[in-house]
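Labels for the chains are A, B, C, D, E and F, by order of writing; each one numbers its residues from 1.
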């Protein structure tokens, strides 16, 4: 078993990086690996609850919304930490806006992931 | 070493991979539009290829997310995404 | 007042929401009170999204394209941007017209309003 | 007096477009022009209340946060409309997350601005 | 016609301005890094120039936001930003 | 475990928060429990941010640069990216070292971890 860390700086609508991070984390969890995410910059917007985009295709990027994808990863054991400074900068009210399981942390958490993980993927 | 390459970071990513005799390149996201001129084996993420309707040259393999994860557990990874 | 509006789609499809949401804006503007005339131009990396091979369903383009057609909106691919990226005319979808460099830029200059996504 | 409309698609941290939109609107209001904004895509994140980035330079982009700049424009008579679909997509709870004066609208509002404004600037 | 040009949209923006004998170009945001090869008069937004520490060629003027607004009220504007 | 970390700054300064926030991450990672070694490389459009002429105060760089120096973090400008953009070595700030193409890419390859902003 390996420990894979992700640094995610992409937001939910400006690039596909959140989806790539999800797909790689999904595949890693399915293989029994340990997975941590550190959401930085607009990455802090990815797990915000109650996202909804009507009429989305079932085969596309938004078959489920980004927050739902990450809630699924958390339910399956992934750790999701959002940078507190990035959260505050964006006017996100963490207790109200994040679903259960999303943690708010700081850069020492990223430093720990860098020290402890076997691999780190920056997206 | 596995190199994940997207288009916005291809400038530095491909230069870095070019000098590594052990390089294995994975084109990802808009990176599947690239046709890198390198000696290393090159794959492209199948989902990113399909949704964009890109026709890959014969020397570029398709790769699944599962296979990317297997590869990056076996060897170190550099991400240019 | 009714305006002649050009909507420029400049970003590569997928990942970003700019192509489907730009199309949504185009048909929304065409359907408004003034019934503006709308021409959508796929330019720069946006021309990748005018190819027949893209998965329009996965890109959430299909519904907006149908609505735009109903409002008599037109879709155009920029020939100069295609040449720059090695996209051939036969690769472009049937409901998108390929225009030359001159025709694209003249259309943009002549428009009352230009919106870009 | 002219009526100037802005279509803003850039978010508060991914580009300078929100700031350019502010500066041009500020200059237009100072000259007695009428100003409307339609915030679309990540532009809907620009007016979200309670943004804060500690230790910011007084001479830089974030001398005040984007939401404060737009509140100032609203106080001085600008109309600020955010696209409701973009608001919902991002999990923004408009009554709670937007300061007073920020309106939620739909694409017909953009169509109206295009029809009525003397100039439209897309950013 | 006033053309506001930023770097990401310079490809189509400068082509469009080049054929307009009445074009007046304003470089804005990262557009101030551009050195467009056009006949039209070119200005660059002063604030964007200053914060980036860009040295403008002698044939490019500095312009304030106030002057941009005055210009775009006097004439039509196309934005490539 | 202490790691050898490279932080790549790839985006043009101003507008985006990637240069100051990438520097913040660099010094945060250098100051963590493991005290990782950190090298910041200004590459691609990021090299514009390594120039002496940028307004570091307005860009919110100054505090992070000071903190990074205190943690013995190093700042490097990518010579190949400079050449591509016509940025001369004399334009680079005194606290940033210019490295050749080979040295930059070798440093990235040899790093334990690479983060990009």
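Heads up, the rule we're going with is that a residue touches a chain if its C-beta (ideal position, glycine included) is under 8 Å from a C-beta of that chain, and two chains touch if they have at least 3 such contacts.
Source: prediction; values computed, not measured.
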Checklist entry - If you walk touching chains, what's the least steps from chain A to chain C? => result 1
Checklist outcome for this item: Label-sorted list of chains bordering both chain B and chain F is A
Next on the checklist: Going by the touch criterion at the top, tell me which pair is linked by more C-beta contacts: C-D or D-F.
Outcome noted: C-D
Item to check | Maximum centroid distance from chain F, chain identifier (CA atoms) | outcome: C
Checklist outcome for this item: Rounded to the nearest Å, the gap separating the Cα centres of chain C and chain E is 25
Checklist entry - Taking each chain's centre as the mean position of its Cα atoms, how many Å separate chain C from chain F? => result 39
Next on the checklist: So the centre of each chain is just the mean of its C-alpha atoms; given that, what is the distance between chain E and chain F in Å?
Outcome noted: 30
Next on the checklist: If a residue has to touch 2 or more other chains to count, which residues of chain A qualify?
Outcome noted: 13-17, 41, 60, 85, 122
Item to check | chain C residues counted as touching two or more neighbouring chains | outcome: 14-15, 17, 55, 58-59, 114, 116
Checklist entry - Which chain E residues touch at least two other chains? => result 29, 48, 51, 79, 81
Item to check | Inter-chain touch pairs (all) | outcome: A-B, A-C, A-D, A-F, B-C, B-F, C-D, C-E, D-E, D-F, E-F
Checklist entry - Across the complex, what residues on chain D touch chain F? => result 13-17, 19, 55-57, 59-62
Checklist entry - chain A touches which residues of chain C in the complex? => result 14-17, 55, 57-60, 62-63
Checklist entry - Which of the residues in chain C come into contact with chain D in the complex? => result 1-3, 5, 17-18, 21, 24-25, 28-29, 31-34, 36, 113-117
Checklist outcome for this item: Within their complex, chain A touches chain D through residues 11-14, 41-42, 45, 48-54, 65, 67, 85, 88-91, 93, 96-97
Next on the checklist: Residue numbers of chain A touching chain F in their complex, please.
Outcome noted: 7, 9, 40-41, 85-86, 106-108, 110-112, 114-116, 120, 122
